[in-house]
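Next, two complexes with chain A in common: one pairs it with chain B, the other with chain C.
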Partner chain A sequence: MNEKTMRKSRWQTVIFLLIIITLTYLSSIITSFSFADGLATIPEALGWMTSNLMVTGESLDKLPNILEKLAETTFMSIAATTIAAVVSLFLGVLGSKTTKVNNFLSVFARFIASVSRNIPVVAWSLVLLISFGQNSVTGFLALFVGTVGFLTRAFIESIDEASQSSVEALTATGATYFQIVGKAVIPQCLPQMISWVLFMVETNIRNATLVGILTGTGIGYTFDMYYKMLDYNAVALVTLTIVITVIMVDLISNYVRKVIL
Partner chain B sequence: MEATYIKTKKDGRIVIKSGNKGDRVLKGTIVVLSILTVISFFFFNYAGLELGSAIRETAYNLKVMFLQPALSTISLSEAIYQVGVTLSLAFLATVIGAVIAFFLSLMAATNLSPVWLTRIVRVFVAFIRAVPTVLWVLIFAIAAGLGSEAAVLGMLFHSIAYLVKAFSEAFEEIDKGIIEALQSTGAGWWHIVKSGVLPSTFTYLLSWIFLRFEINFGVAVAMGAAAGAGGIGFDLFMASSFYFDMREVGFITYAILIVAFLLEVISTRMKKRYFPASSN
Partner chain C sequence: MALLKVEGLGKSYTADKKILKNISFEIKAGELVSIIGPSGAGKSTLLRCINRMVEFNEGKIIFNNQEVGNLNKKELRHLRANIGMVFQHYNLVPRLTVIENVLHGRFGYKTTMQGLLGRYTEKEKAAAFHLLEKMGIHEHAYKRCDQLSGGQQQRVGICRALIQEPKLILCDEPIASLDPNSSKIIMDLLKSISTEMGITCLVNLHQVDVAQYYSDRIIGLNKGEIVFNGNSTELHEDNINRIYGTKTEDLITS
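After this line comes the complex of A and B, so read on.
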């Protein structure tokens, strides 16, 4: 690297930083975000949290109710993820370059995945809420659609990456399409896929809270209710139970991932 | 070497299958997930659900949404402006988050910091990650008031947690030789970071930051709808929950879809350009 290229790359860095700073400045104007206020808020918010967000004996009375809702939400996320995984498996096999049946179905599978992934979960839950009403099925379907999009993309990538040579080998022995998929592709990609599914279970429990607030179901609704009743002790309890659940799922899936990968 | 021990069943038949631990855990996971899925349908709350009419209505609504999009309560320029607001919220959270995450991840990388410090940072990050973003935003909204500050701060937390994990993994993969070479010249910790760590991981970090920006756009839409943080998400919420205007919902969904597609294309391009080998 001579002096000239070094100077050039230094200029590039400066210009890059300037662009970032300008964009940041523009964004803060558009959203009327003030850095000073933002900074000032942090200690204030933390102080408020330590003094108000405390689990008291009184709020513990609500624990059975909260746990019931939490269980509903957790089960909803697991069900949505597992069923989405089954659908995504088919879409993934159809969409992957190595195992596709024909080009049309491949493009079709990728298109479905892309659309359902990029339309935000918010939009799905709001639209479904109108006709399905306030119940678990709404949340389930909203999570399901988003998960299908994400998992299909992940599965297509895992299949593309893993199975080129074994598919070739089985094709050479004269195996049929279903034998190839069942004996080579799926066993080889299964650990990777399960790892993605576990990741998605964890993500979905957190998303389910958001969906719950929007659709009035599960733990999200419980949180929203106490939040609007200004019952911050109960809010703290709800948050704590969610944190414990997510961390537990995280630990389990880390263990499984370590063993299977 | 001892002779191979042949396992037999009680009735004397030889066991011909012996799975390893990985296989057993894998199968166990699948079985547990399937059982939980079946159980979960009994836990659901089916209040007021009429499946037949609900499906028909949703199909109709989706048809109206996607085939006849139109704006009625807000103008086109207003809609574009609100998309800009959402993008700006996402951008602010990403940029500030990236700067903070950079310093935190230096503390979380095992080859750059003492073990006790990496542990503290990791536990801290795991806790932040476990609280859903919407709860952070709502909690900050009490202290800061509803507005961009609460939204950005709430989104910031998750961005930091996500990026710290990605960055510290990138730092740990740096060639040991680079750090050793710099140490032998007598370079201090900050010199090592500035001239060894940063240049060798910069493009990698950049593509993670962009990926997070893509995610934050979706999060910002959600925060607008669920936490009143403003932007296009709030309009989406109003259109569907207050005006029941499926055409406007459709238009806004298309607007979000287009931006999300563009961001995805850019981030895939960046990934292919900067690290084609590990594209996941």
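After this line comes the complex of A and C, so read on.
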């Protein structure tokens, strides 16, 4: 690379940065969002949070009830993720370029993944709430659908990336389609797939709170209920238990990842 | 009687560009034949037409008295089981053990269920260990393949091809990613496979001198056409120039 092209690429970086700054400035003007005003409200908000969002001895009485709901939500998220993982495995194998059966099924699998992924989980919750009513199946299905979309996409990419060469070799030995998938593709992609499933378990436990608020189930409902009763101490306790659960699941899945990879 | 007979073979991926043009040659059982030629000459495509990893458009290929182009799915599977294949990048399943990878070579003879459950007979397992011992890598049998060096992985690849009990082994640039020492081991092995076991080897090579030293016969390919087909002793400078389209002095031959 000579002097001239280097100077050119430096100019490109400067121009690129200027564009980003201009865009940010313009969007804040259009939406009349003032960053300075936003900053100014922070001390007050913090003051309110410290005075109201405190776990008190009184709210601890509600702990058993909260923990029960939290456990329910956690297990439901795990169930939704693992069942979605099984479905996604089939869709992933069908959708991948290296293992597809035919073009129609491949496009079909990618289409299902794309539809369920691109409609946000919030929208799914509300749509399913109308069709299935307020029960835990609705929350389960909302998480399930979103997870299938994401995991299928992730599995397709893992399969495409990891197994093309061994698929070619096994095809050349005269192996059947299922032998190739079962003995070359899945062993090769399994650690990556498990890693994605763990990621979705974490995400879903977090999402379950939101889905619960919308569909009136699980820990989300508990949160919503105390919030509407203006019982902010209990709200703080619910939030704290969720945070602790998410951190614990994070730690466990990181450990599992380290072991399998 | 020729084991493999290729007649007027033609292949094109797109309508305007032909990868292979009117390729005809014969290979007798037990021969080691090298295909040399510049990159993009169609060497890999030619090799893959023989076991129909790539479908060809014109001409016919007759392997072991069967016409390859007309086989149905079941017959094709049987054909592939009879033809071993060795790859430049070994194409093993890196996370599985050496012995598992070798036994994958038996899939062509098994039902889907037997293959999926990994049910191999004692005879097959014994054969796998015997082959590994012959290749000098039996102490690595239970190691994962990604822990092995390139030369060792290629020997696993050869074991996988041999356990198929093939009549023909297709080698797609088997030594292109190996150091000179490992390359020699692999080429010596291929030579002994053809002379001692009587298995025909068709090898794509980049190195002219390696091809001359090891093969019984050399086929030179340039832009999808055969420009040389003869004994390795008959390959002279003018032939090499025709194959590569340049003067020999300009090539790195060693």
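Structure notes:
Convention: the second predicted complex is superposed on the first by the 233 of 261 C-alpha atoms of A that agree within 3 Å, B and C clash if a C-alpha of one lies under 4 Å from a C-alpha of the other, contacts with A are read in each partner's own complex, and residues count from 1 in each chain.
In this text, a contact is a pair of C-beta atoms (placed from the backbone, for glycine too) under 8 Å apart; a residue touches a chain by one contact, two chains touch by 3 or more.
Given the structure is predicted, the values throughout are model-derived calculations rather than measurements.
After superposition onto chain A, the modelled positions of chain B and chain C are compatible, with room for both. Legend: residue contacts after superposition of the two complexes on their common chain; A:K183 is shown touching chain C, with no touch to chain B.
Contacts of A:M225 after superposition: neither chain B nor chain C is touched. In the superposed pair of complexes, A:L63 makes contact with neither chain B nor chain C.
When both complexes are overlaid on chain A, the residue A:V87 reaches neither chain B nor chain C. Looking at the shared chain after the overlay, A:V55 reaches neither chain B nor chain C. In the superposed model, A:L105 makes contact with neither chain B nor chain C. In the superposition on chain A, contact of A:G174 is made with chain C only, not with chain B. Counted by residues of chain A touched, the larger count belongs to B, out of chain B and chain C.
Superposition on chain A leaves chain B and chain C with their closest Cα atoms 9 Å from each other. Once the two complexes are overlaid on chain A, the chain A residues touched by chain B in the first and by chain C in the second are 190-191. Remark: chain A residues 20, 23-24, 26-28, 30-34, 37-38, 41-42, 44-45, 48-49, 53, 71-72, 75-76, 78-79, 81-83, 114-115, 118-123, 126-137, 140, 154, 157, 161, 190-191, 194, 197-198, 201, 206-207, 209-210, 213-214, 217, 220, 223, 227, 232, 235, 239, 242-243, 246-247, 250, 256, 259-260 touch chain B in the complex. Residues 51, 53, 76-81, 83-85, 87, 89-96, 104-105, 107-110, 112, 115-116, 118, 157, 160, 164, 170 of chain C are the ones touching chain A in the complex. Residue ranges of chain A in contact with chain C, taken from their complex: 163, 165-166, 168-176, 178-179, 182-184, 187-188, 190-191. Residues of chain B touching chain A in their complex: 21-22, 25-26, 29-30, 33-34, 36-37, 39-41, 43-49, 51, 53-55, 57-58, 61-62, 65, 81, 84-85, 87-89, 91-92, 95, 126-127, 129-135, 138-140, 142-144, 147-150, 152-153, 218, 221-222, 225-226, 230, 233, 236-237, 240-241, 244, 246, 249, 252-253, 256-257, 260-261, 264, 279-280.
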